[in-house]
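Below is one structure. I have some questions about it.
Letters A, B, C and D name the chains as they come in the text, with residue numbers starting at 1 for each one.
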Amino acid sequence: MRSPIPDFLDATLERHRYDLSGATADYIPDLAAADPTKLAICISTLDGVEYDSGDADFEFSIQSMSKPFIYGIALEALGLPAVLDKVGVEPTGEAFNELSLDKTSGKPLNPMINAGALTVHSLLGGEGATLAERTEIVRAGLSRFAGRQLRVDEHIAAGELQEAYRNIAIANMLRSYGVITDDPDEVVRGYINQCSVLVRVKDLAIMAATLAGGGTNPLTGERVLSPRVNRQVLGVMMTCGMYDAAGDWMTEVGVPAKSGVSGGLFGVLPGQLGMATFSPRLDKHGTSVRGAKIFRSLSADLGLHIMNAPEPARSIIRRDRRFVDAKGDMVRIVSLQGAIQWAGAENVMREITAPDEAVDVFALDMRRVYSINEVARRMVVEALRRLEDEGKRVVLLDPENAMGCSGQDSALPDVEIVDSPKELRDLDLRGLRRVRDDFADQTS
Amino acid sequence: MRSPIPDFLDATLERHRYDLSGATADYIPDLAAADPTKLAICISTLDGVEYDSGDADFEFSIQSMSKPFIYGIALEALGLPAVLDKVGVEPTGEAFNELSLDKTSGKPLNPMINAGALTVHSLLGGEGATLAERTEIVRAGLSRFAGRQLRVDEHIAAGELQEAYRNIAIANMLRSYGVITDDPDEVVRGYINQCSVLVRVKDLAIMAATLAGGGTNPLTGERVLSPRVNRQVLGVMMTCGMYDAAGDWMTEVGVPAKSGVSGGLFGVLPGQLGMATFSPRLDKHGTSVRGAKIFRSLSADLGLHIMNAPEPARSIIRRDRRFVDAKGDMVRIVSLQGAIQWAGAENVMREITAPDEAVDVFALDMRRVYSINEVARRMVVEALRRLEDEGKRVVLLDPENAMGCSGQDSALPDVEIVDSPKELRDLDLRGLRRVRDDFADQTS
Amino acid sequence: MRSPIPDFLDATLERHRYDLSGATADYIPDLAAADPTKLAICISTLDGVEYDSGDADFEFSIQSMSKPFIYGIALEALGLPAVLDKVGVEPTGEAFNELSLDKTSGKPLNPMINAGALTVHSLLGGEGATLAERTEIVRAGLSRFAGRQLRVDEHIAAGELQEAYRNIAIANMLRSYGVITDDPDEVVRGYINQCSVLVRVKDLAIMAATLAGGGTNPLTGERVLSPRVNRQVLGVMMTCGMYDAAGDWMTEVGVPAKSGVSGGLFGVLPGQLGMATFSPRLDKHGTSVRGAKIFRSLSADLGLHIMNAPEPARSIIRRDRRFVDAKGDMVRIVSLQGAIQWAGAENVMREITAPDEAVDVFALDMRRVYSINEVARRMVVEALRRLEDEGKRVVLLDPENAMGCSGQDSALPDVEIVDSPKELRDLDLRGLRRVRDDFADQTS
Amino acid sequence: MRSPIPDFLDATLERHRYDLSGATADYIPDLAAADPTKLAICISTLDGVEYDSGDADFEFSIQSMSKPFIYGIALEALGLPAVLDKVGVEPTGEAFNELSLDKTSGKPLNPMINAGALTVHSLLGGEGATLAERTEIVRAGLSRFAGRQLRVDEHIAAGELQEAYRNIAIANMLRSYGVITDDPDEVVRGYINQCSVLVRVKDLAIMAATLAGGGTNPLTGERVLSPRVNRQVLGVMMTCGMYDAAGDWMTEVGVPAKSGVSGGLFGVLPGQLGMATFSPRLDKHGTSVRGAKIFRSLSADLGLHIMNAPEPARSIIRRDRRFVDAKGDMVRIVSLQGAIQWAGAENVMREITAPDEAVDVFALDMRRVYSINEVARRMVVEALRRLEDEGKRVVLLDPENAMGCSGQDSALPDVEIVDSPKELRDLDLRGLRRVRDDFADQTS
């Protein structure tokens, strides 16, 4: 059976195929000459499955879409403070090719404008890095995001260098403010190499999925960015990624995204997917016309907006039963389900911390919990610890070790961990046997 | 047993209590006279449970924190186009009291700056609404967010009116551009009434939780905003809520938020919680110093940043088994678990649409699915429909009707819906009886 | 005989009469309703003779043309420092109705923009002055410039007040910055009264001629502004008078000027004339279209540009003769001519301070000097003093007392002052009689 | 006898010598290393006499002071429209090193900012001019203003080129907008050569005097700029010369001026003098601290402000007498004096065009007129022509041919021109002899 997803993507492309508005970038020969009929889309899941439609294997230069990735690479290499000291994170209403430097410090307002991206590039490899070194850091870094070896298109780079007046202007202005300390000419050459790395929408979708997955490449499994840096990159894309249409984009589309003048556009839906389109005709902001429209369609059709409230969830607490065991002890068994973050953990904690003098044995059934984050885990541990402090016997039914507890867990020294209802029954919870079938039924 | 959450909030407040930096707003007498030692926090869950610490019952004026709520109310009443025609959604690097009008149209850049908020206020009640009518729309609307009847503090309003030169300036400038069409003086009076509505951090937390829950008040269950409007409000808060420190806030804290010069500050973590703080001393941006620091602490401690990638989830597919039934038909039973959004549905679809000539009967076990959103539901329906088209028999084990299917579902006319494994067995899947115990065990 | 000047003015008006471009101001009812065919010009000499053509007796409101005059009145009343403390003198590229406040201090950039003019108006009469008092100061002050009693048109003022949103906005913004300390509403009302004073081009030409003549009204002979204040007003008009077209105006037309949205326009050529036009249709800067074109014509035709270098002057030294008198003393007689400023005085000084041991008697013939300014006078006095110090006898032939010397002049205690060549001959310059005829001839 | 002018200049320098505020320009090695104690002044008269004090022979680089001169050279070579098409004439509040380009066209706002000066430089020699050609045009052109051969200091130029990041930035930005069409690097090199031409205050004073004299070098007598271009240069200096302190400078000092970061500063008082100072310590605007203070002193002390109204002049009409000649004809003799511009000519015209049926012969005595400009000349000619039209006999007593009339003057075909009172008497104005002595006396 054919998956309906490719059909859906095909249909989406067709809906926008004959929109001829916009024009290819005119200031770079290779971009001006791009075939404006090319149209492609690719969506990558967090486990690296890709759905594509159209000219998904067509290669084009990455251009400004390199900015968030190289920002991440620089943050990893140099640390947040060193980079923030040089480039801010504030949005600017100005177009991407204006200077947008802080009036006082001359510091670029953010890394998504050219001034910021040139500065970030200049930091690669540390002071004194050569053009070749910086170019290789860029190429190798972008390749790690893409999960395959990318390459610089020397012809495109040569063409851009011919017309790089604006970037030369910006780099020299930055040098005059002391923001860039190396030779501005070398920085521009390196940055143009960065912009000239060739990608396909398939690569961009994987690169986006790497950000969506918290920094881990879904194809290679490599951790490219740490969670903190990954969050920083997404935060900056969210506020500064779409230049002067940021507000419109974030209300209408609602995914952190980045476009390039080659016609590429990619977006990140954290925890779900990476997505990319290609269509060379640009609007006045330099963003692909059909690409942006496809993103709008998909955001609406697939409910991708990050501000969409999730559907009302069933309670994280699936069952909450009490039994008297053979010894006459009151046994309480709370069964959890789903993904537990702060809100879920709060829900659990609220239930299990309600004053309950009668209970002697507290059992937490984690079998249907399919994820729990660190904060939630710590909250549940703390709740169990408090129950122990109150003198209760605590049992954890956690065959897949969702809680990550072991007998050595210092926080919960006395917790008893079992792998199945049977084991639970086998604890000397005498009399519990009596409720066994009922329990089994409920949980089956 | 005492919940650790209040302890944690108490500890957080104590950590920041002796930070004396900043100053109370000096241009409004009642604000200048505010007790700067006041300190409070409240977190509300999506089911309306509130955790608070400090002066959580202390009342203060809502000030600019009214802006997103009244924006939502105006959007509901007038529709998006009518409001977007008057007020943009683009961020501005300028301070909140500057004009920030679009150079060409005179339209305020966004509804979070005073020019935008005054314009939004002027739209309430339609052309010709009186001051009293607008004030009541505001009071009643904010009350619906708070889940209790709020009131305007006339004394504060009178004091602000005395010093309302800047708002009078802005309203008149807007009137001169034709953005406001009513009497600017009336608009300012109404807006000051809006700013003078009294709230407690407890109210703000519920108001924030209403936004976090997609527009539904967790206390009253009332749907205050439609999902589309709710998303618009959050989108604008995200890009424009923190004025000229937007980028820093969204990278560091990562929750849409809004502050008021009275010292209040609230934030929204969609799908999880609403949160509010109160501390009157302000930084140069007019944001509560301790409030902002507490938000930074909690964002880090509780992992609240919206760009945090969720923990790697276990697969949405819990089991995928095949049996041969008594008739010799190949039966496949796929059991799902957790919350299913696009990414999960894609995962399911991928599995069930893989070419599989051998299967005659396909059963989908939805019992452990605790939420599924509309897009995912449609995707699964489409996959099942295609299986039917291929001539397979399709059975849905969905006792809680997560899929929302009925026999009349036009998309799936032939699907058989059962409520329990027993029913599944009772279908004339002869021979399936043979695998029954195994199946029961696996799924229990 | 008819003077050719009126013919020339008539011809100039005719050349521009059928230029229908521009539009009357649309935001004030009385201005919008103005008869756009009206066309007038008037030039006033420094002795108050007026040449006019067209609708020269038509009355219209003075509007922004009041700004430089009221600036002068405020400077006289309060002194330069008090006014400069509130309003700057820097040009702004922005349109007249923008705020144009200094980013830091909130101080209006100059008194020719509305923010500055409102602030200047607010200073009139000192703190606590009433609306009526300020209005009368304005009316009386403008009347002194015009040389006749002007009046406020209450109907125009009432109409402007209806639509005064922008000025109310500006005044309130200024109040919020503490630049204006009185009630902003009263200030706006007073300023609108100021703008509603009725004038004719005839009045404006006299008002302009008052500035051209150093502050003295050519009709009444009243000194309205001191020279220092008059210079300040002209300096500000020169850099800030024509808003955002200042550079174009000062290179093309080259006279300090000011326009009003009623259609009036006046210009000042210091030392020569005042000039005014009236034509209600305005360009996008709010300046009369035909008025500006007429100014351009006249500047070119009449050589009015203040940066026109004067024609090469004949030497200020008309004759320099030496004679031996009867006693055998060498007598030197230097005859000056024309208007002497610094450059002329330098020329004189250079000649008379050249080492010249032979001369015993030095006579300076001032009869053909028709003006000498203070600096030049002091320079000549100093030169003569030095001659005396060298032991020479100094005689001043100055029948009209151009040098303002008397026997009591402390700087020149010993100078001998004579009224005619005959007196000079009658001094006991014996032997001079011998050269008398020659001298008489030369100087006749 | 020693002239008091040098003493005065010496005293002025001494008054400011120990003002140590400001700092030498730090971004160009040779400027940073400049001896900050150097102090010089020079004033040049319009006939090329120079008064100097201090280190008047010290050579320094001309820097930005080259801008107005090269602007003039470009205007002469290419015509106003070609240059205005590339560079505007509007002032900007921004500092000299900001881009200050027109938002829409990318055109530099004026030729006094670096963007404008680079563009003007790029126009020299036409499209395709080489660096060497442009440098020689600059060197030769500045030399014509200075009246001696100047030279480029290669060492300074090499030093500036090392740190020319900002100019490279600006030139490349201009190239990206198509304002500059040549290689931006070559333009910067040429412009730095322009800035590195060596001058002394003595040279600058002569250069300034060339502008003050309408474009004619007072030393060499060469006409360097046409009057129209000269006026354009001065107009732009007046509105844009002093960057963001333009308003303050024009109200306080009141002479068009230009400073350079080397510490030089020159000013132009049209029709009177050129003036220059040198002192390397600069204020935050990049203007010499002591230089600016000396200009303020001198403007006040010497009454140099261009908006100073001239002292009230004696009437241009010295005598107006009537006689009856021997034939019984009424003869009117009007004697003029001084410098006649429009205002004077108007005065004359007014008198001689008053209805006066009785007069048969009209004589105009021009002997005491020491200058008359073209407009005034045309006005007087027109008045005389009209008298002739009325049938009057017109006689011009104009021994120095101030009116530039000859027998062939087509406008005045019948005027009789005489050289002396005697000639006037000798015309067959019979009976005039009778009044001869009286006339002779009055005019002697």
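Note that in this section contacts are C-beta pairs under 8 Å (C-beta built on N, C-alpha and C of every residue); 3 or more make two chains touch, one makes a residue touch a chain.
Predicted model, so just to flag it, every value in this text is computed and none were measured.
Common neighbours of chain C and chain D: there are none. Measuring from the averaged C-alpha position of chain A to that of chain C gives a distance of 70 Å. Computed from the mean C-alpha positions, the centre of chain A lies at a distance of 20 Å from the centre of chain B.
Shared contact sites, meaning residues of chain C that touch two or more other chains, are absent. The complete set of chain-chain contacts reads A-B, A-D, B-C, C-D.
Listing the residues of chain D that touch chain C in their complex gives 1-5, 45-47, 49, 51, 88-93, 109-110, 212-215, 227, 230-232, 234-236, 238-240, 244-248, 250-251, 254, 256, 269-273, 301-316, 318, 337-339, 341-343, 346-347, 349-350, 352-356, 368, 370-375, 379, 382-383, 386-387, 390, 400, 421, 440, 443-444. Residues of chain C that touch chain B in their complex: 27, 97, 99, 163, 165-166, 168-173, 175-176, 184.
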